[in-house]
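One chain, subunit A, appears in both complexes that follow, with subunit B as partner in the first and subunit C in the second.
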Partner chain A sequence: MIELLTYVFGALIVVSGLALVFTNNLIHAAFLLAFCLLNVAGFYVIHHANFLAIVQILIYAGGILILLAFGIMLTNRSENGKVLTKNHLLFFGLLCAVGMAMMLYALITNPKTGTIEAIQSVEQVTQIGMRLLTQYILAFELIAFLLLVVLVGAAFTGKKSYDA
Partner chain B sequence: MMRDPVTFGLFIGGFLFCIGLLIVIIKKNAIFVFIGIELMLNGANVNLVIFSENDPNLQGQLMGVFVIVLAAAESVVGLAILLNVFKYFQSSNLNDFNQLKH
Partner chain C sequence: MEVGPMGIFQTVADLLKMLQKEDLIPKAADRPIFLIGPILVFVAIFAGFSVLPLTSETAGAAVGSGVFLLLAIVSLDVLGILMAGWGSNNKFSLFGAIRSIAQIISFEIPLGLSVLCVVILSQSMDLQEISRQQGVYSETPIYLFGIRSSGVSVTDLGGILSWNVVRSPFLIVGFLIFFISGLAESNRAPFDLPESESELVGGYHTEYSGFRWGIFMLAEYGMMLLMSILGVILFFGGWNTPLINVGTLRFADWTMGVYWEGFWLMAKALMLVFIQIWIRWTYPRLRVDQLMSLSWKYLTPFALLLVFLSAIWRLLMF
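The block that comes next holds the complex of A and B.
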């Protein structure tokens, strides 16, 4: 059952990713990204990362997508309601992506990389919380400060200035 | 080989990264490029989660939390800059951003 779900989520991720490449409609792309990220969250649950799955849904599906939707609505104007975009640099893009895919394939299928038994940690959220406030306290404080700087910077950059 | 869930997950992560790279390069709209960057960050995160499954210290997941926060910060600043650039050029096509003079 779990194995079946893994393949279902994987297939949905692949389908929505490919649809993202082939779509030209920006609104469709935003919703496809939401779908893709929710499936990634499902994938996290299967791989026993429940806390990260919830963070993924809250921040990505809740925060970044709303930002993207506002970005699309504020920056693109069209008469018929469809926001269409085009492609360029197709050859070099495909070259880079296929080359990267081949490199990753060679790396993953390398016989030196094996698998070991999964360890199911019981108190995952407790563990993550404890480690965030002890071992990773410096990174935690830095990221909190970064968020503050980003908030102030975005508010300052986005505000209406007199000359622009 | 694809029946092994760890290898399958690594393939999914690699797929997300490659698709993100492709979108970043070939799309003309700046917001599409943001979408591609989010996909690449998610591909990296999938890898972190899969390797952290076998780790009692959960280091991969902790790294994943930081990656998600950084993605949010990047997206906020990027969209704020894009709004200002759009005000000046009246376009979000990357090929139209061809001068730095204000």
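The block that comes next holds the complex of A and C.
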């Protein structure tokens, strides 16, 4: 069952990902990205990473993607009501893709990285909370500080400048 | 002109009428997006119902982080509204969608924070566990107003005394924040700017007709019911009875059991739905700037303060 679902979600991720790359319509690309990210969340669920799946939905599909689509909505449309795009920077894009593929290949073939036995659902949240506030407290606090700086920065940039 | 005694079949009749109508698609609309939008709104909101516990024995998906999942899935309905607003290729729809998204994203913050208060106090994100802690089935002793040093244990009294709003009285403010944000999340008056008919015709669903329009309307009411049930579970004891055991009159024990529990949950939730409808016909609509300042300048700071208070309450009193 898990294997079958893995193939279903995998196929959906690949199809939506490819469609997202090859479409010219920017808003279609944004919604295909949402579909792709939701399928990744499904992938997490079938491998018992429930918390990660929820975070994936909340942050990527519910947060970042909506900001992205919101940005597209505020741009100008062409005469036929579409926002079209073309492929630019093919060389650097290809470079990034090849680099990413090599990195993934290195990770998969590396014997040191592998699946650690899954922690069950109820324990998961407690475990994550405990580790975040003990083992990874410095990183956690630094990220919190960074987000605060970003928030203040965004509020400052968004403010109407009275002296201009 | 109502169907049935006191018009109770009116909604059913309306739906039957809408099913028969033609599914109009504007010529200039972005066809696939226009068609998928309402379905996504429907799926997002009705998937939220999947984690709700109805009685102590009947519950939806037993997800350890249920309330978190619920908020995450419900936040996806913004995507559907965005699709509807953009796909219609109509300026009223686009403005409606932009307003709706700005509103939902802003009010998700106080909503999430007020839910977080309850999560801190009950130390669980499982909705069934949160419900169980607020009644006679609680495994940990409950003290009057949560004050352990008073030594007054109300665990076997049960009823209203063990609900979260009574266990930690400041949660009544948390509930107010939750309720106001919930109204805004479901685009109900006084926060119905996205579909304000005097300015935007119909907002993001201007171009829809027939069944697809019906989905938007029912999704709004579904969201109201979902928010009400969630509010009842988090603050008003979920499926627990409000009656208290008095000596040999075991009112709380008598009114618990699968059917009673379902009755209490739905009765309390429908009460909140009634208040939501009542508010709609009582208050005028807010302006956009008032809406934003309500969320960012009043609700969010108060909600942050409440999260802080909940943490302290948890440390001192439990």
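One rule holds for everything that comes next: the second predicted complex is superposed on the first by the 120 of 164 C-alpha atoms of A that agree within 3 Å, B and C clash if a C-alpha of one lies under 4 Å from a C-alpha of the other, contacts with A are read in each partner's own complex, and residues count from 1 in each chain.
Rule of thumb we're sticking to: a contact is a pair of C-beta atoms (placed from the backbone, for glycine too) under 8 Å apart; a residue touches a chain by one contact, two chains touch by 3 or more.
Because the structure is a prediction, the values reported are computed rather than measured.
**Q** With both complexes superposed on chain A, which partner does A:Gln124 reach: first (subunit B), second (subunit C), both or neither?
**A** both
**Q** Using the superposition on chain A described above, determine whether A:Phe51 touches subunit B (first), subunit C (second), both, or neither.
**A** A:Phe51: touches subunit B and subunit C.
**Q** Does the superposition put A:His88 against subunit B (first), subunit C (second), both, or neither?
**A** First partner only, subunit B.
**Q** Who wins on subunit A residues touched, subunit B or subunit C?
**A** In the superposed model, B touches more residues of subunit A.
**Q** Based on the superposed arrangement, let me know which partner A:Phe43 touches: subunit B (first), subunit C (second), both, or neither?
**A** After superposition on chain A, A:Phe43 lies in contact with subunit B alone.
**Q** On the A-aligned overlay, A:Ala19 touches which partner chain: subunit B = first, subunit C = second, or both, or neither?
**A** neither
**Q** Kindly classify A:Gly62 by the partners it touches after superposition: subunit B alone (first), subunit C alone (second), both, or neither?
**A** second
**Q** Classify the contacts of A:Ile27 with the two partner chains as first (subunit B alone), second (subunit C alone), both, or neither.
**A** second
**Q** Under the stated touch criterion, which partner chain does A:Leu132 make contact with: subunit B (first), subunit C (second), both, or neither?
**A** first
**Q** Between subunit B and subunit C, which residues of subunit A are contacted by each of them?
**A** On subunit A, the residues that contact subunit B in one structure and subunit C in the other are 51, 55, 63, 70, 74, 121, 124.
**Q** Quick one: which bits of subunit B touch subunit A in the complex? Just the residue numbers, please.
**A** 1, 4-12, 14-19, 21-23, 25-32, 34-35, 38-39, 42, 45-46, 49-50, 52-58, 61-62, 64-66, 68-73, 75-77, 79-84, 86-88, 92-93, 95
**Q** Help me check something: in the complex, which residues belonging to subunit A touch subunit B?
**A** Within the complex, subunit A contacts subunit B at residues 3, 6-7, 10, 13-14, 17-18, 20-21, 26, 29-30, 33, 36-37, 40, 43-44, 46-49, 51-52, 55-56, 59-60, 63-64, 67-68, 70-72, 74-76, 85-90, 92-94, 96-98, 100-101, 104-105, 108-109, 115-119, 121, 124, 127-128, 131-132, 136, 139, 143, 146-147, 150-151, 153-154, 157-158, 164.
**Q** So in the complex, the part of subunit C that touches subunit A is made up of which residues?
**A** Of all residues in subunit C, those touching subunit A are 28, 30, 32-33, 36, 63-65, 68-69, 71-73, 75-76, 78-79, 82-83, 85-86, 89, 94, 97-98, 101, 105, 125-126.
**Q** Could you please specify the touching residues of subunit A with respect to subunit C in the complex?
**A** Residues in contact with subunit C: 27-28, 31, 34, 50-51, 54-55, 57-58, 61-63, 65-66, 69-70, 73-74, 80-82, 121-122, 124-125.
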